[in-house]
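Please read through the structure below; I'll follow up with questions.
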Amino acid sequence: MHVGVLTGGGDCPGLNAVIRAVVRKGVQEHGWSFTGFRDGWRGVVEGDTVPLDVRAVRGILPRGGTVLGSSRTDPFVLPDGVRRIGEQLAKLRTDALIAIGGRGTLGIAARLHAEHGVPCVGVPKTIDNDLSATDWTFGFDTAVGIATEAIDRLHTTADSHRRVLVVEVMGRHTGWIALHAGLAGGANVILVPEQRFDLDQVCAWVASRFEATYAPILVVAEGARPRDGAPVQGSVGVWLADAIERRTGKEARTTVLGHVQRGGSPSAFDRWLATRFGLHAVDAVRDGAHGTMVALRGTRVVRVPLSAATDRLKAVDPALYAEAGVFFG
Amino acid sequence: MHVGVLTGGGDCPGLNAVIRAVVRKGVQEHGWSFTGFRDGWRGVVEGDTVPLDVRAVRGILPRGGTVLGSSRTDPFVLPDGVRRIGEQLAKLRTDALIAIGGRGTLGIAARLHAEHGVPCVGVPKTIDNDLSATDWTFGFDTAVGIATEAIDRLHTTADSHRRVLVVEVMGRHTGWIALHAGLAGGANVILVPEQRFDLDQVCAWVASRFEATYAPILVVAEGARPRDGAPVQGSVGVWLADAIERRTGKEARTTVLGHVQRGGSPSAFDRWLATRFGLHAVDAVRDGAHGTMVALRGTRVVRVPLSAATDRLKAVDPALYAEAGVFFG
Amino acid sequence: MHVGVLTGGGDCPGLNAVIRAVVRKGVQEHGWSFTGFRDGWRGVVEGDTVPLDVRAVRGILPRGGTVLGSSRTDPFVLPDGVRRIGEQLAKLRTDALIAIGGRGTLGIAARLHAEHGVPCVGVPKTIDNDLSATDWTFGFDTAVGIATEAIDRLHTTADSHRRVLVVEVMGRHTGWIALHAGLAGGANVILVPEQRFDLDQVCAWVASRFEATYAPILVVAEGARPRDGAPVQGSVGVWLADAIERRTGKEARTTVLGHVQRGGSPSAFDRWLATRFGLHAVDAVRDGAHGTMVALRGTRVVRVPLSAATDRLKAVDPALYAEAGVFFG
Amino acid sequence: MHVGVLTGGGDCPGLNAVIRAVVRKGVQEHGWSFTGFRDGWRGVVEGDTVPLDVRAVRGILPRGGTVLGSSRTDPFVLPDGVRRIGEQLAKLRTDALIAIGGRGTLGIAARLHAEHGVPCVGVPKTIDNDLSATDWTFGFDTAVGIATEAIDRLHTTADSHRRVLVVEVMGRHTGWIALHAGLAGGANVILVPEQRFDLDQVCAWVASRFEATYAPILVVAEGARPRDGAPVQGSVGVWLADAIERRTGKEARTTVLGHVQRGGSPSAFDRWLATRFGLHAVDAVRDGAHGTMVALRGTRVVRVPLSAATDRLKAVDPALYAEAGVFFG
């Protein structure tokens, strides 16, 4: 059996752990060979490949990024994209394709499989943890850990000074990183994209916190927006700090974590999850379970249809957000 | 409502996060008051209490250990232990008791509830992750993270030198920490208590690793034992390194992590889990769900009978161990 | 002997380590007693004190912030400030005062000693490492470590994507944190307040970096400014990313670390330095060396006049900056 | 100019940072070319080389270990070793040799230069910080940081339980790591090879600590030995824990950090120091300053004779050890 592997979409710690597990298990248990495609679907369309054997995956487990490179290339919008994929796979005698990626990358895999019979198996990847088909996605735990450590450090200053401290974390569409890091870091306010925030309420929380002789720490997802529809340009964290300063007269400072959250070595949890996803993707290929992707349910890795990757965004449940509300203010 | 809280058994990062969540939610959402009992069941028997209000739990979220202290006192073996518990709870007008602990502590809570009608709600705690009733226990992720970081660092030396490196991790009865840290750290051999190891096989793995021009890293749970029943005194890690050195002639070095694994600040995951356990324990008390404990299933916190805490040790599944075997040698 | 202790100015990891060392040595070696003044000079003026004994300093070594609180109160601008200090010290029968702080706090101590004979001993503190009298100040190593870890994580993204990554670090007047973190993190451009930067040159470096098929990481001190005097409002990091994007057409992202750099547990180096400063401040008090402060020269702690604290800002030496230039572009 | 580079002796975080700085500066500022010799002096004797250009050093700054490999080969004990070195250097037209290593490696460089005119420049490396010619050596700060973090974590357990906790750290001949990590971690007893310890005294400290209702943490360098000359086999940490348990009846647990201390990513300080050593080694080569090595004095990098590397072990000064004694017991 000869298997192609590709990674698509944005950076996410754990991609290399998946690749390594796929190759180690495929080679050692089944004697398969592999081809790596460079930069996601672009590499498949253009036949741009990377040798992928046990030696190539040595030492990559703890490293962030992806040794295969990534892109957002969509073969369906390229002239002849799909036909060229068919040609390349035939030329390389590829029996199956393991696509590791998010909504975009896996949506393409789902269509290629459903409409063109390309033998795809998927591995879901999103730092935002917003896939409804799986309990957790790798990369998320690492991002939450980094944001939590930042909040931990801000508590020192919150304790000693009288400043409002705002931390902007990732999350354009969903607030999972904000919610988990806010809970783990003991933030006083958590703002998520799923619920527009009321600046008056936020300022009231800030004020009540100061009364408790302790400065407030606010965690805001980059996609959070105020209820009144005021336009937010640039960083919402900077915007929020300015708005609070103007309303409350309290000095406010912002930390914008940015790409720091998606780089560096994956956490132990993410490495475990990514490794198991890789091992089970090989099982799916072995079983000819094309059109499926792996997913975590509880502590078990299961298979779900590839289409589940694009089905529905897993938004922060209002009940979960309300649960966290006991720590606000 | 007046609620007592106690922590029992060994250290485990996340205990303070549970205590804080219980108090914050109980006070802010329900207006309850709390009493902390010092050193687990000892404090209940002796009426040794600690004030427990919002102020008392401020700042404890990121801290290891437990502000309530802990012990392994068993009221059932103390003269009049159970009667004295009844008296103390009556004296303090305690409406319910939240017991945070492992097999021992929760087993006592289960009996007190079943046999004496004491209104107990449990929160499971074990660094070893060996409770079958819950997908994960807090403290485990922190321990795995610490062990993984140690393995990461050893790879440098394994790469530069020609030494066998042995890391002994926690796990007297189950090998969950060894399995997860071994997978996450990219160990070449993982030895767990659930399966006696064959020293010949271990030495064969060591030898094959050296042929691949890279030194082997072995992760061994403190409770792992050789198949032939050779007596192991003191650290099994030290014993194993000696045995490998004698058999293979290769220099071997040992790292014994010990208590380092159960101390210090909990990981973000463990804080999230512990916090949610605390919030849901309050819900259980509110609902009068005595005799239950909280547990994680997937990403949901559920209630199970307290007796589930002592039912059955969750051993490492042979299939999971076999899955990891692809990385051995 | 009865000794007062105060901390002034901004947060800096290591303050608690100094306080602990002072008290432990004073009590155990000399049998002295201590009074802590709350919030820097404000506490002395107002007689606002905190009990300070061995019990009070237990467990504070690894904690950021200061258990004594801090402020920027200047008794010389308060009505009767200096007279009230004299009264409070007399009332408490204070034989000496250990002032821990930066330029502001120690400048006040210097004047109080020189003009009013107040028996002050100083311990220098600045996260910016910009005191010419000492080789290193505590807090700096911690800040550099945090900034370096952030840069490390950005390399992953720089490697996988084609984005310009800008990290803004602390340093209003001096670029020590930027220089050290930039060198340690392998940044491609380091911008410091001591030398106005040329945006054309910066964009040329960015372009040349992209040619080397790798994305550029720029570290910019918050006080760095462009040569042409263009007004920079808000974060210079955000400003720089915008400017680069407009000029080069490359997408640019910013991380603004902010107060994260001055919070949290001090590094081992900072704890060692702060502890030794504390021990030697006690020696200075014992020797009646009022009007001096402790300083590090090589690996030795020495005494210098308190006035040295305010003498001269230690700017980044142009030769050192040029030395780092070999890594630019 | 063509320059050879080699690394010798044990692992030490920062070696790659030196190599990278040497190559970057040599190439970019002077247009030199480089040859890497594999595995220290062995590679020079045998002409075993590695290509060493800007591409080869990309991304190695944060990595532990050495991309050149290391060994303890001594050409002076090999048949024809010195003559073969001369031949290889002539064959490769090597104008100078930068040797990065400890006492052994630099001692060989010193002899080769003094006795055979080989144009060597040295960069000192020892994780133990025991070179008298330099204030600090790289790798030491990283090791101290790792040991301090372990001690930090043990405090949690010391606080909750009543156990004696022993941490064995590196240091066969000198106690610098023990002293610095012990001070930074707030250990209650620090034992170093420079002063034989009195077990009675140690047990007295342990007892007094328990009276203060807190469990003791002891840091012991692997080379520390008891005064009465009792034979210590295997780990002194394990030996000490056993001895304390027998004498005091208190349960004692040991952490043996082992090679974890010398692996993994170097601290920011060590990267800064290693980078500057590399830059200045290039200056020394440029200046024809053969027979010298770089060293840190205060914050300046200076040159000293290569012979200084082997002159004298920098033992822990009794005064420094006594200074730390205020925290014992």
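A, B, C and D label the chains in the order they appear, each numbered from 1.
Operating definition for what follows: a contact is a pair of C-beta atoms (placed from the backbone, for glycine too) under 8 Å apart; a residue touches a chain by one contact, two chains touch by 3 or more.
The structure presented is a predicted model; accordingly, all values stated were derived computationally and were not measured.
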**Item:** Least hop count linking chain B to chain C through chains in contact
**Value:** 2
**Asked** Taking mean CA positions as centres, which chain lies farthest from chain C?
**Response** B
**Item:** Centre-to-centre distance between chain D and chain C (centres being mean Cα positions), rounded to whole Å
**Value:** 28
**Prompt:** If you average the CA atoms of chain A and of chain C, how many Å lie between those two points?
**Reply:** 36
**Fill in**
Per the C-alpha means, the centres of chain A and chain D lie apart by a whole-Å value of 39
**Prompt:** Taking each residue of chain A in turn, which ones touch at least two of the other chains?
**Reply:** 152, 155, 159
**Message:** If I apply the definition of touch given earlier, which pairs of chains qualify?
**Reply:** A-B, A-C, B-D, C-D
**Prompt:** How about chain D: which of its residues touch chain B in the complex?
**Reply:** 10-11, 13, 63-66, 69-70, 146, 149-150, 152-157, 159-161, 163, 165, 234-235, 238, 253-264
**Complete:** chain D residues touching chain C in their complex are 24-25, 28-29, 58-59, 61-62, 135-136, 141, 144-145, 147-148, 152, 155, 159, 180-181, 183-186, 214, 265, 267-269, 271-272, 275-276, 279, 297-299, 323, 326-327
